[in-house]
Each structure stands twice: as C-alpha cells, then as structure tokens.
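Shared between the two complexes below is chain A, which has chain B as its partner in the first and chain C in the second.
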Partner chain A sequence: MSDLRVPKLWREIPQHYRLEASKCLTCGRIYFPPKTVCNNCKSKNFEKTLLPRKGVIETFTIIRQAPSKYELYVPYAVAVVKLENGVKVLSQITDCEPDKLQIGMPVEAVIRRLYDDGENGVIHYGFKFRPVF
Partner chain B sequence: MRDVAIIGVGLTKVDMHFDKSIRELFKEAVSKALDDAFNPDIESAYIGNMAADEFNNQKNISSLLIDFSGLNNIPSTRIETGESSGGSALIAGFNDVASGLHDFVLVGGVEKMSEVVSSEAESIMSLGMFHEYETIHGLSPEGAAALVMRLYMHRYNVKEEDIALLAQLDHKNAVNNPYAQLRFEVTVESIIKARPLADPITLMHCAPLGDGAAALILCPMDKAKKITDNPIQIAGVGQASDTLGLTQRDDLLDFKAIRLAADKAYKMAGIEAKDIQVAEIFDSYTIYGLIALEELGLANRGEAAAMLKNGYFSKDGVKPVNISGGLKARGHPIGATGVYQSAEIALMLRGDAQFKLDSTPEIGLAQTLSGAGVNSTVQILRRV
Partner chain C sequence: MIMKPNHKVGIVGWGGYIPKYRLPVENISRIWGKDAERYKEGLMINEKAVAGPDEDTATIAIEAAQNALKRAQIDPKEIGAVFVGSESKPYAVKPTGTIVAEAIGATPNILAADLEFACKAGTEGLQCCMGLVSSGMIKYGLAIGADVAQGAPGDDLEFSAASGGAAFILSRDSENCVAAIEASYSYVTDTPDFWRRAERPFPQHGEAFTGKPAYFHHIESAARNLMAELDKKPSDFKYAVFHQPNGKFPIRVAKTLGFSTAQIAPGLLVPNIGNTYSAAVPLGLSAILDIASPGDEILVVSYGSGAGSDAFYIVVKDAIEEKRDLCLKIKDYLTRRQQIGYKCYIKWRRHIIGQPK
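Here is the complex of A and B:
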C-alpha cells in the first residue's frame, strides 16, 4: 500500500518545494507547517509567508538503520535546521560527508529527490539542506 | 470523585512468543489479574494497544480480546496514544471507576510485535511520527531520539557513556524480574560499541522488540477493602500532550508533556516529587529516561546522568528507578508497557516477593511517553 497518494503530496507542494509557512497577523508567530489558528494568541488572522532559505544545524543524526522505504539510502544525515528567523525545520542534509557535520554549521535549502514510492508510485521531491561554504 | 484501588495484577513474561496469538497472550494476563482479585464480575474494559492493525492485521481488537478472555458482552474500548497507550488506558479505567459509572473495571495492555521482521516493525513504529514533516524526510524513531540525545550531550556536556548507565542499570535490575525479556547484565562498553542505528544511538540504547500483555483490576476503594488486605490506591493521574513534530517546539529538550502530566498527578495525590520512593520511567531510549527523571522533578536539569553515576537511582540507592528492568530490559511491548509499569509499582508497594525491596515503599510513580515528548501519562500509586 502506498502511503504517498498524489493529492496528499499535491496539497503540501507549497511547503515541500518552497518552504511556505503561515504568520499570525496578531502576534507575529510563524508556523511551519502552516497553521490557521495560533497556539500563542488564539487568533485566526493569518497570512502566507516564505521561510528564509538559510540557517544553521541545531542538532543532527546519521541514520544507519532506516524504515523500509529508506533502506536503500543509508547512511544519510537528518538534522534540525534553525533558520535565520528562528523557525526550525527537519530536513536531510545533502552534498556533505556525514562525518563533516557539526552543530552550528551554516546550511542552505535546495530541491532534491526525496524518494521513489515503488514502481507505480510518485517520485517525491522536496527540500534538503546543504552546507554553505 | 471516588477513590480508586488496584485489587488485581496479571503479567506475562515479555518475550518473542511465536507460539502464542495476541488473544492467548492477553487472556493469560487477564486470567492472572482476575485470580489475583478473587474473580469479581468485570463491568467494563480499556485496552492499551498501539498497532494491532499493522502488527496483527486486526482492528476492532478490544471486542476480540475481551471475548477470548471469557468476558462476555461488556463494553470494551481500545485506547491508542502511541507508545503511551497503556498509561492512557489506565487513566480511562480510573475515570470510569472514579466517576461512579462502573465498579469493577479491567485495564489491559497488549502488543504482539513478533509477527513482523524488524524492518517492518521500524516502519510501523515510524507511523507514530509526523508523516508529512518527519517520516517523509527519512527520520526514524531512534533518529528522533538521536537528535535529542546529541543536543542534550552538547548543551549539558554529558558523555554517551554516562547516558548508557541507565541501560546498564535496567539490565542489572532485570536479572531478578521473572517477567523481564533480557535478564542479563551488560557493560557500558558493550552499549556504546553496539551496532549504530542513528548516531549517537546504538542498538543498546534502545528498548527491544517483544510481545507482552499486562492487566489490572480496578474498583472503588471502599469495595476493595472488603476484598483484599492490600489494595493499592491510584492516588494521582495526569496526562498531557505536546506537538507531534519535534521542530514545532521552542526547545527540543523541553519535554513539557511529562512535566505537565506529573504536575497534575502530584497535585491530585497531594504530594511532591521528593515524596516518590520508587519509580518506573519510560526509557524507550536511554536519553528519554534521563529527560523523564528531570521533568518528573527527580533530578535537576542536565544532572540525571551524574546522579545515575553516584548510585542515587540504583536498587540500593535513595530512589530506586526501574526495578523491573525498565523498557530496555524488562522489554517494551508498546501498548502494554504503561500497564506493566503500574502493575510493577503496585507489586513493589505490596511487598511482593518478585519485586522485593529492602524496605517496602509506600508511594511509587509510573510514567509513560509517546514519541519524542509527544504524549505523557503519570500515575502515582500509594499503599493504604
């Protein structure tokens, strides 16, 4: 059974391709993934906003035993990236040897293939981050 | 609200039970609990189970399990809050008795994981994370724990070998627990040199896969006193949730759900953290156990490893933790684990031979957690 049906991916394209978040117009808090009710001030007044493409690695891991869909790709790096505006995103780190990663390392967003969902499934693209040199 | 007591406890050994179905395993725990409680007429049931849909191809599991336990036609509800399902089932049962709706209530927990190979189990466990924003990026449950562990080590300047002390303590305690899955001692070196799953987490920082079922019989305290000489009161319960996604929290190391659940439970029981004499904490990964000790108020922030090192939480220490062997060595049959923990605390407070401590404690705590700080329950039990 495929867990990536086309509408499910299609809905999330603004987030997965261009880091579209939502900003509360009352208190200014930014949510990624976007929310339409603010956990901070309960306001429902939101606007769309794009996240900055640059940030630093807050913490990271090298996945060596993966869920079945990702077994082909091990080892790969997954990190929490703290963006320039303080919003955090979870992402793979690409274009870098795993043993070179460090907390605090500057990174930037790029579009990459995330994975193929089997023979008949969609090919899923999305953001990854790479080191800025 | 009525006072609620535990009058029956039933446990099965956590293991790879290839020869038993989920029905048989659950029935075994229920029968033991019913015998222990002198076989009252059960009026309703709550069953913690995370993933029978995936592990056992079975939904509607609450009716199936109760039928095969010989209990006919009673209301039976499966409770699912990820890995904390067992704790949530206990709270549901507590609410049922405390409210006065039913007198004799069964709380069970069961998970039969050995039907699938470990990579499938990995995928099933991953269903507990935020699909579109975590799983899709290839994060695994131990990967999430590794993100937390690296940040913890960095912020508090704690070494991996000191975090590993909790796994070593668990294994040492499990040797004496007949229901534990891994009844052998391990060295710190064997933990940090084990196969890496998600750096810095090795296999030996993680709870094993296993099958198990646990059951408790609850009833109002006034009735309990007529049935048994050693009823254990559920003195306080608390549950709290947090964001499913790790990155949506201001601080990854702030496991607020545990803290809020504990605050509620302490308040209901009219006690403070310092009054807890014995605890079963939820160390699905060693790092989550350390953070739990801190969020429960049993250790200061960043200091749990140092306290482990000086023996504070050892069996002969000031506050023994995970006498059962914890999730690492008693085992972690997911939806059952929360029920195991409270059952074990109840047995310790009763002075049961299988969980004997030098001086029989009066107040104990059990804590569950799903994911990386997502949902938590805290149960406080008291000997009366």
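Here is the complex of A and C:
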C-alpha cells in the first residue's frame, strides 16, 4: 500500500535528522526549516548549514491533550529552544517530566521516534531536545 | 582459527548509550507474585535499563554512533561502512543502518548492513570492519551493537532483557587510534539454547540448556583458543569483558578461565542495567575504554545464542588520554537514571514491539 506522506517524510530527513538549515549567502540569515527565498533580502542564493545542537529553553507549553499519534508521550512539553547561534526552533522535549522544566534550562538535540503511521506504516524519526547532563 | 588482519587495525572512536529509565526487579516480581530477592540474588540484577517511549534500536544506535564520532574527530563522510548488530530492529524489513548513516551524515557513499546473531551481532560488526579497513577497501568502519530486548511478560527473561547500545569506529592502525585490535577468534556451533520464530514477539529458551553447553562452552572455547594462539595468559590482561546475560554467568566464566573479579569489574554493567543483548559486551568494552590507560591489554568475549562467541585481543594506545573526555561516558549514563513502574513499562513496550494496544 502506498502512503502519500512518505515522500514528504523523505524530503525532510536532512532537517529532521541532522538539523540541516539554509543560510542566505547574501545577508547571512539562517532559516529553519530551510527556505529557498530570503525574507530579508529576497535572495535565492542559499547554502546548507548544520545548526548547533545545544541551546536553552526560551519558553514552553505542556501538552495534556494530544493528537492520537502523540498520545503515548502525554503529558509532554513543546518548547521554543534558542540555539547557541541564536536560531530558535520549536521542539518536543524528551527525557524530562514537564514539571521539572524551567525557562533557561540548557538542552541538547537527540534523534528520537516522532510517531509512526500505524502498525503498518513508516516510522518518523527526528530531533527532540533533552536536558543536558 | 585465529583471525589476524594483515595491516594492523585500531579503534579511533568509541561511545555508548544507555536510556534513562530503570525498571527495578521488585516492580516486576510484585506483579507476578514472585520473590524479588530470589531474582536479585539468582541473576545478580537490581534493575534494568528500559528504552523511553520514543526510543528504539535505531535511536539508541544513533546516539552511540554520535559519541563515537565525537571521539574519532573524523568527517562522517569518510566512513565507508556501518554495521548495526541487533535482535530488535525497528523494521522487520528496512535496514537500521540506513537510518543511522543518514542521521550521522555518512550517506550516501557507504555500505550499510544489519547483522543478527542473538547477543553477539555487535561484535560481528567489529570483525567485518576489521577486514574492510585492514584490506584498504574502506578508510573508516562503524560497528554498532544496540538492542531494546524483550522478554515475555512473566518469563524469567523479563527480569533481564534491557536496552542500550555502543559504537566503535575502526581504521588502519595510526596515531589517531585509542586501541589496537590485534586479533580475533570466533567459535560457532548449532546449539538451540534460545530462539524466536518469525513474527513472534518474544523469544523462547531451552530451559536447563542455556548454561554449560551454550554460554560457558562457547565463551571458554573462544577465550582459550585465542589466548593459546597468542601465547597469552589471564594475568597478561588488565581487563576482561564477557557477555553478561546476568551477573552470575560472567563471574563464573571469568573464574573458570582464571580471571579475577578486579579484571572484570569495570566492564560488568549487568547488575545496574540488565542484559542489553547485542550491546552488552560493546557497552562493557566502552566502560573499560573510558578508564583504561595506554598499554593495558583487554580480552573481550561476546556470546550469542544459537550459538557462538567472538573473542578479541585489544591493546590500549596513547591517544586514549586525549579522547576520553570528548563525549559522555558510560558512568554518566549510569548516573542519569529514573525508576519507572511496571504499568509504564508495559505501555511503552507495546508501542515498541507493536503488540495490540
């Protein structure tokens, strides 16, 4: 059986697995998820760049009612993480009980299962952040 | 027969990973009305490491490989082969090695293969990499042992089957190597001590059959033959690590072979994390490398049911001192722990092995 979500998953592997971002060669702005036209200077010249894997939690929210594919993780936190180079990413937090989370907490990226498309479907992997230890 | 590469090979980077969660023996025995003390004493296991709900063999292998890369300090594009040894792959058909290679940035010019031989698939990857780097076919090879092992509910295996992984990056011997792998020896027979049929979620084991003709015979044979070929005796080694399905077996096999408790203690992780299957010996070796000094000699002997053992003679080199602190150590992962209850464990495990929810 074919699954229309698989091609999208495949295209996004570099950003989900390796935090691959795009950097505008004209003005230097970094985009994650990657973009092809710069919001800032309208340039279309980009290079791939890997984001730093460490940062701090800038803000977070706790999810107690989740879509069925994330039910297993409830309650879990979704945070805005400010990376070492200033780029901000939205990410699930793992290996941490939500009530132990704090703004300013140092975190690092790890690759985890995001969800699977049912028992017959493909497994989606990608980055999450966990407290640094 | 002894396997000695024509060109010497070495380990340029190593790294392990142990999930945060621990299931204490008491939390299992209480459910089944069994005596916790009997299991703790009989197996010499206090608690086992359990993969979190978003972890599996692939994610565990990735973190171990990332740690090995931090120590190897090489461009991942120079890795020519990745072998993932496991008996708990996320997909029945789709190689775990592809996911690992992609995550560490080693694709697309790379050989990737998954290996399977119960608990010794991890050390087989080392042998494959030895051959490929020694022959010059590839520059660097990545060998990983990782598992999220499962025992049937209520079965004795449930007390020990655990999760973890460890990775090694091999190259031809150079100043960049933390240790040389001088030789290896494999010993294999058809011994049905443990198996799992296709599409069955849990393994079966041949009760009284798991010890003497299986674990002990294969480990002792591989270890003795390797030492005889190299003209080595147990006292030549600073450390030894033997497969550890429980705490008792490796201690007994060490004693039989003439190794002391002090020699095996640093690599004996099973009391605190359980049997991590394909990762058990690789994690033990990682813990030893975390503390070893240049010149230390190490004997490594894995065991896989079915059955076979791979033995290795490893000599630690100078570069270990400057690479040791480049990533998290096994003791860091042992310290980071959170106990969980049986209900939580069952909920997470169903997800991992795809049992009906």
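Keep this in mind: the second predicted complex is superposed on the first by the 129 of 133 C-alpha atoms of A that agree within 3 Å, B and C clash if a C-alpha of one lies under 4 Å from a C-alpha of the other, contacts with A are read in each partner's own complex, and residues count from 1 in each chain.
The working rule: a residue touches a chain if its C-beta (ideal position, glycine included) is under 8 Å from a C-beta of that chain, and two chains touch if they have at least 3 such contacts.
Treat the numbers as computed from the prediction; the structure is a model and nothing was measured.
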**Item:** Superposition on chain A - do chain B and chain C clash or fit
**Value:** fit
**Message:** With both complexes overlaid on chain A, does A:94 touch chain B (first), chain C (second), both or neither?
**Reply:** second
**Partner chain in contact with A:133 - chain B first, chain C second, else both or neither** = second
**Request:** Applying the touch criterion given at the start, work out whether A:111 contacts chain B, chain C, both or neither, answering first, second, both or neither.
**Result:** second
**Message:** Once chain A of both complexes is superposed, is A:37 in touch with chain B (first), chain C (second), both, or neither?
**Reply:** neither
**Prompt:** Considering only C-alpha centres, what angle arises at chain A between the directions to chain B and chain C, nearest 10 degrees?
**Reply:** 150
**Prompt:** Touch check for A:58: first (chain B), second (chain C), both, or neither?
**Reply:** first
**Request:** Could you tell me if A:72 is touching chain B, chain C, both of them or neither one (first, second, both, neither)?
**Result:** second
**Item:** More chain A residues in contact - chain B or chain C
**Value:** B
**Asked** Which partner does A:12 reach: the first (chain B), the second (chain C), both, or neither?
**Response** first
**Request:** Look at A:119 in the shared chain and tell me whether it touches chain B only, chain C only, both, or neither; answer first, second, both or neither.
**Result:** second
**Item:** CA minimum distance (chain B, chain C), superposed complexes, angstrom
**Value:** 12
**chain B/chain C common contact set on chain A** = 73, 114
**Complete:** Seen from chain C, its contact residues with chain A in the complex are 20, 52-56, 58-59, 62-63, 90-91, 99, 102-103, 105, 328, 332, 336, 347-348, 351, 354
**Message:** Which stretch or stretches of chain B touch chain A in the complex?
**Reply:** 119-120, 122-123, 126, 131-140, 142-143, 146-148, 150-151, 154, 195-201, 245-248, 252
**Asked** Tell me, which parts of chain A touch chain B in their complex?
**Response** 3-4, 8, 12, 15-16, 31-33, 58-71, 73, 76, 78-80, 88-92, 98, 103, 114-115, 124, 126
**Fill in**
Per the touch rule above, chain A residues touching chain C in the complex are 13, 17-18, 50, 72-73, 94-95, 110-114, 119, 123, 125, 128, 133
